Amino acid sequence: MNILEHVGIENYLTLSALLFCIGAFGLLYRRNAIIMFMSIEIMLNAVNLLLVAFSSYHEDPSGQVFVFFTMAVAAAEVAVGLAILVSVFRNIGNIDIDNLKNLKG
Amino acid sequence: MLEIVFYILSAITLGTAFLTVVSKNAIHSAIYLVICFFALAGHYLLFNSQFLAIVHIIVYAGAIMVLLLFTLMLMNLDNDDETKKPLFAKLAAVFSAGILGLVLIAALRKAQPENIEYVNSGVDYQSIKVLGKVLLNEYQVPFEFASILLLVSMIGAVLISKKEEKI
Amino acid sequence: MDISIVLIVLLVGALVTYLSGNKFASKTALISSIAAFGATIISLNAFQNGEDLDVNLPWISQLNINFALHVDGLSLVMLVLTTGLLPLIILSGFITKFENSKSIYALMLFMGFAMAGTFLASDGFLYYIFWEIALIPIYFIALNWGNGDVEERKKAILKFFIYTFAGSLFMLLAFIYLYTKGGSFDITKLYALQLTTTEKTYLFIAFFLAYAIKIPLIPFHTWQANTYSKAPAVGTMLLSGIMLKMGLYSVLRWQLPLTDEVAKAHVPYIVGISIAGVIYGAIVTLKQKNLKKFLAYSSLSHVGLIAAGLYSLTFEGFQGAVLQMLSHGIVIVGLFYVVELIYSRYNTYEIKEMGGIRIQDTYFASLFMIIMLASVALPTTFNFIGEFNLLYSLFKVNIWYAVLAGTTIILGAFYMLRMFQKVMLGGETKSFKKISKQESIVLIIVVGLTIFFGLFPQPIIDLITPSLQSILTQIK
Amino acid sequence: MNTTILLLLFAPLAGFLITLFFGKKLGKTVSGAIGTAAVAISFLCTLSLFSQINAGETIATFKLADWFSIGNIKINFSFLFDQLSVLWLLFVTGIGSLIHLYSISYMHEDENMHKFFSYLNLFVFFMIALVAGSNLLIMFIGWEGVGLCSYLLIGFWYKNQDYNDAAKKAFIMNRIGDLGFLIGIFILGFHFQTLEFLEIKALLGKDLITPSLLSIAALCLFIGACGKSAQLPLATWLPDAMAGPTPVSALIHAATMVTAGIFMITRMNFLFDLTPEIQNVIAIVGAITAIVAASIGLVQNDIKKVLAYSTVSQLGLMFLALGLGAYEVAVFHVITHAFFKACLFLGSGSVIHALHGEQDMRNMGGLRKVMPITFWTMMISTLAISGIFPFSGFWSKDEILMTAFHANIPLWVIGSIASIMTAFYMFRLMYLTFFNDFRGTEEQKHHLHESPALITIPLVILAALAAIGGAISLPGNSWLNHYLAPLFKKHEAHHLDGQAYMLMAIATVGALVGIGIAYAKYLKKKEIPVADSEVQGLHKVLSDKYYLDEIYMATIVKPIYMISNFAKKYVEKFISKAVIGLGGATYALSIKGKKIQNGNIGVYLFAFIFGMVGFLVYVFVIRVK
C-alpha cells in the first residue's frame, strides 16, 4: 500500500511548496522570535515531506536517511536557538527581533 | 479512499500551519503546530514509512515542541508583547510569500514526472532493518557527525542559557 | 655550488644584522652586502666558465610549484646590479644617524634578498612572491625612517603600497590564468604555451598594468614623486636604483615573450606612451622646487626612455635598456647621495635655499658635476652607451620616435644644468662644511664605475647578448 | 709612429689629470707650464706626423681599443690620421700651445688657474678626438667633450650667475645641434652598418640608401654643425660665450671649437657632394648668417662682442664656401681665420688686461702709444680680416667670394657686403680702442701698461702668421689644394684670368670703402657711440641683435616653462586626483554599502526570500529555454 499509487507525486510537490511558503510567510510576517522558530520548523518539514515523497517514488532509503539528519539538525538548532532566546529575553525583557539591531554595519 | 485521506490530511497540514503563523497567542501557535506535525506524520504513514512517522512524532511533537512550550512558559509572554508591524511590512510579507509560492509552484509544475504511473516493485526500502543498514554503512560518517552536533548543541545550549556569574 | 648562495648570504646577512644590535648593525650590513657581492662575482665567474648554477627544488609539489632559479646573462647582470648597489646604498646610509638602526639595515638586506630573488626566479609563483615581498621592507623603511610630516608620509607611503600592490594583482591574475592553461608556473613551459590572440591581449594588459605602475610609465607615476620625497635617502636609492628595474626586467623576461604577437601589434602605442613619459617627465622636472622630487621626475623621464627601448622589440633596444638600467641605477644612487649630503648640511631639500656650494667645496662640486653630466649622457660615460642604443632602437622603429625621444638630451641638459647652477654655483650664501674622505667614497665609486663602463661596456654586452637573443627569438 | 700617435693623443689628457689633481700643490706657474708643455708635445707630434704625410707616406689609421657593439655595428676607439685631420691638428695644437702660453700670464691672478689649465688641456684632448676620430662616434665624443669644456670655461667665473647662464645656453644650444648629429649618425649607421668614415665613403656608391634619406642624413649632420659653429638659427650662444676668460674666447670660440662644424662637413664631403639640395641650404644659411652677424657687429660696443659677431660672420662665409662644394677654400679660410682671430682675441685680452677688465670700447681710446705691440699685432690681424692685400685674409676671403661669384651671383653680393661690413666694424674697433684720447677713468689711465712678454710673444707669432698665412694657398699655385686633393672630388681650379683680378679688385675696393667710412666717422669726426639707452631706429634693432634672444625666449623657453608650470600644477594634480579618486570611490561605496547591513533581521529575511526567488527564476525560467 502506498499513497503514490493513488495520488500523483505532483500533489506532494504542490503541498510541500505551499507549506514552505506558509513557513516563509510566517518568517516575514511575525516578529516574535519563537513564532519565527516555528515557521522555520514548518519550512524544514516541508522539505522533509518532499524528501520522503521522493524516497518512496524512487524506492530509495537515502531520502529517509536525510530526513533523519534534518531532524537532528533541527533539534540541535532549536536547542541552541532557544537557549540564545532565553538569554536575550533575560537581558532585554522581550524577544522582538526588531530590537536586536546591534549587528548593523 | 486513500485519496480522500490525503486531501483531508493536506487540508489539516496547511490549515494548522497557517494558523500557527497567524495566531496571536504563542501557546495557540504551538498547539496548532503540534497538530500540523501529527498530520505530517499521517502523510508519512500514507507512504508506508511507519518508522519515520514514529520518529517524527517523537522528535518534533515530543522533543522540539515540548522545548518550545517550556520556553514560552518560561518567558510568560503576553499577546501585547508583540508590537504591531506596520501595514506596509505586512503587505510586503504577504506579497513576498505569494511571489515565492508562485515561483515555486510554477517551477515544480514544470517538472515532468519520470513515470506517470507509480508501480510498487515490492522491494523493501523503508523498514527499520534497511534504514539501519544504510544509516550505519553508507552514511556512517555523517551519522557520527550528527551525534557530535547534537552533543555540541547540548553543551552550547546549557552554556548560553546559564545565568552569567559575576566574577 | 649554485646561485642560491647569493640569496642565502643576503637572508642570513639580514638576520645577523638584526641580531648584532644597533651598534654594529651598519658594519655588519656592509660586510654582508659585500659578501653577497663577492658571491655574485664568484657565480659570475663560474657562469663564464660554463658551470650550471640553476636551482630547481620541489616546493609545493601538489601544485607543481618549484623553487626554481635560473641563471643567464641577463639575470646575472641584474643580480650584479642589485648586490653591487647594495653596499653602496648601505655605505651611503652611514652619513645619517638612524634610530633603531639594526632594523633598517636588516630591512635593506632583506629587500636586496627579495629583489635578487625576483631577478633570478624562473618559476612564476616564486617570482611573484619575491616581487611582492620586496614591497614589504621598503614600506617599513619609508614609513619609519622617512622625513617630513608623519601623517602626510603615511598617506604617501600607503598610496605607494596600495598602488603598486594593486598593479601586481593583475599580474597574479595573469599568472593564475597561465597556470590553469599550462598546469605549471615554469617559465619554459609558459613560454611554450599556445595562446590565442585574445588571451594574449588580456595577458599583455594585465602584465602591462603591473609593470607600468612599477616602472613607472605615465600616467601611472603619481606615487613616485611623493614617495621619493618622503622616503629616507637609502629607501629612495633602493627604489630608484633597483626596484624600478624589477619592472623593466620583468617586461623583458615575462611580458614580452609571453605575449609576443600582441606586443608586436602594440609597439606604436606603448612606445608612444613611453616617449610621452620621457618628454613629460623632463618638462615637469624643469620646475620642481624640491630636489628629491626633481630627481624623481628626471628618473621618470629616463625610465620612460628605457621602457620605450624595451617595447620597441629590437635587439638594440633590449641591449640599450639593460645597459641603461645599470647606468641609471648607478647614477641615480650617486645623485640621491649628493642630495643627502647637501641635506645633511642644509637640512632642506628646497633648491632655492641652496647655492654657492662649489665655491666652498670644489672637490664635491666636481664629483657632483661628473655624475650630473653622466645623467645627461655625455659620451664616455656609461649612460651614453645606453642612451645611444635606446635612441638607435627607436630610430629603427621610426625616425620621429628617435627625434622626439632625443629631445631628452636637450631637455635633460636643460634641467640638469639649471639645477646644478642653482644648487652649486653662484656666490657664497650659506656655509657648507666640506665633505670628508669617508663621505666621498660612494661618489668616487659611482664616478669610477660610470666612466669605466662608459669606456669598456663590451664585456657586459657580451654577457647579455645570448639571453637577449633568445628572448628576441622567443618573441619573433 | 704609434708612440707618436699615443703621445699626441694622451699628452693633453695627462696634462689635464696632473693639473686637476696636483695643480694646487704644484702652484700656478708650474701647472701652467705643464699644461702648455702637454699641448706643445702634441703639437710636436703632429708636426712629425705632418711631415710624414706631407712627404707622401700612407695614411695612418690607429685602433686603440674596442668600444662597444650595437647590433652588427662595431665601434672602436680608432683614429684616422690623413691630410685633413693632421692639418687641422696642426693649427689646433699650434694655436693651442700659443694660447696656453699666453694664459700663463693672463690668468696668473686667478686663484683657480690650475683648474683653468686642466680644462684647457681637456679641451685640447677632446678636440684631438674630434678631429682625429676615424668614426662618427669618436668624433661625437670629441664633439660633446669640447662642448663640455666650453661650458666649463665659459662659466669659469661661476660666482657670476650671468656667466653661468651663458655657459648653460651654450651647452644647451649645442645639444640641439647634437641631437641632429645623433640622428644623422643613426641614419648612416642603420643603412651602412658602419660608422667609419672610410667605409661609409666606400659604401656610398652601392645604393644602400635612398637619395632622400641621404639628404635627411646630410641635413641632420648640418644641424649638428650649425649648433657647434654658431650658424643661424643656433647662433646666439656664441656672443654670450664671451663671458669666459679671453684666452678661452680665442681658443675655443674663435680658432678651434667653432670650426668643428666646418671640419665635420669637410670630413663628410663625399656625403654632401651627393646631396646638392642640402649644399644649397648650407650655402644660404652661411650667407645669411654672415650678413646678419656682420650687421649686428656694426654697432656693438663691447670689444669682445664685436669680435664674437665677426667670428659668426666669418664662420658664415666658411659655410658659404662649404655649401658651394669648395671644401679646400673653407679649410683655407678656417686656417687664416684661426690665425688672425686668435690674434685679435688675444690682443683684445691684452687690452682688457691693461684696463683691468674694462670691455666697453667707449671707455677706451688712445692705447696705441701705450701698447705698441698689441696695437701693431692687432692692426695686422685687422688688415687680414678686412681682406687687404697681401695679408692672409685677403687670399682666403677672396677665394670664397670668387667661388660664390662663379656659382651664384646673389650669394656673392651678400658675401661681399658682409666683407665690407667686416672691414668697417673692425676698423671702428681699432679706431675706438687705439686712437684719439683715452676716455677711461684717471685711475685706469695711471695703470696703463704694455702687457708682459708671455702675452706679447704669442701675439707677435700669430700676427706674423696672419700676415703671411695666405702663402699656403696662393691662386694658381696652391700648396693647400694640392695637399688636400686626395680627399675631395676633383673639380677644375679657377684660372687666374681677368675676371679673377677684377673680383680681387672689387673686394679690395669694398674693404677700403668700409675702412674709409670708419676712418671718417671715428677718426676724423671722433664720434663716440651713444649710450645704450639713446639708441633708436634700425640701430636699436641691430644693437639688440634683431631681438633673436627675445624671440627665442618668447617662442621656446617661455612656452616650455609655461607647459612645465601647467603640467606641474594641473596635469599632475589631475592624474593624482584620478588615482586617489579610484580609492575614494571604493571608500564611498563602502560607506553607502554598509547602510544595507542595518542589523534588522526582517530586512535580511526579505533579501533572503527575494534572493531565493531570483535564483529560482534564473534556474527554471531564464536558463531553461
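Which chain is which? They are A, B, C and D, in the order written, and residues in each are numbered from 1.
Note that a residue touches a chain if its C-beta (ideal position, glycine included) is under 8 Å from a C-beta of that chain, and two chains touch if they have at least 3 such contacts.
Predicted, not measured: the structure shown is a model, and the values here were computed from it.
Visitor: Need the most distant chain from subunit D, centre defined as the mean of C-alpha atoms.
Guide: When every chain centre is compared against subunit D, the largest gap points to B.
Visitor: I'd like to verify one number: the distance from the centre of subunit A to the centre of subunit D, where each centre is the average of its C-alpha atoms, in whole angstrom.
Guide: Once rounded, the distance between the two centres reads 96 Å.
Visitor: Using mean C-alpha positions as chain centres, tell me how far subunit B is from subunit D in Å, no decimals.
Guide: About 101 Å separates the centre of subunit B from that of subunit D.
Visitor: Taking the mean of the C-alpha atoms as each chain's centre, how many Å separate subunit C from subunit D?
Guide: Taking the mean C-alpha position of each chain, the two centres sit 37 Å apart.
Visitor: Any idea how many Å lie between the Cα centroids of subunit B and subunit C?
Guide: 68
Visitor: Which parts of subunit B, given as residue numbers and ranges, touch two or more other chains?
Guide: 92, 96-97, 100, 104
Visitor: By the touch rule stated above, which residues of subunit D touch at least two different other chains?
Guide: Within subunit D, the residues that touch at least two other chains are 602, 606, 609.
Visitor: Considering every pair of chains, which are in touch?
Guide: Listed in label order, the chain pairs in contact are A-B, A-D, B-D, C-D.
Visitor: Which part of subunit D faces subunit B closely enough to touch in the complex?
Guide: 602, 606, 609-610, 612-613, 616-617, 619-621, 624
Visitor: Mind listing the subunit A positions that touch subunit D in their complex?
Guide: Within the complex, subunit A contacts subunit D at residues 24, 27-28, 31, 97-98, 100-105.
Visitor: With touch defined as at the start, can you tell me which subunit B residues reach subunit D in the complex?
Guide: My answer: residues 89, 92, 96-97, 99-100, 103-104, 106-107, 110.
Visitor: Which residues of subunit C touch subunit D in the complex?
Guide: Against subunit D, the touching part of subunit C is residues 159, 162-163, 218-219, 221-223, 225, 280, 283-284, 286-288, 315-316, 319-320, 356, 358-359, 362, 373, 378-380, 385, 388-389, 391-392, 395-396, 399, 402-403, 406-407, 409-411, 413-414, 417-418, 421, 425-427, 455-458, 461.
Visitor: Within their complex, state which residues of subunit D touch subunit A.
Guide: 593-602, 605-606, 609
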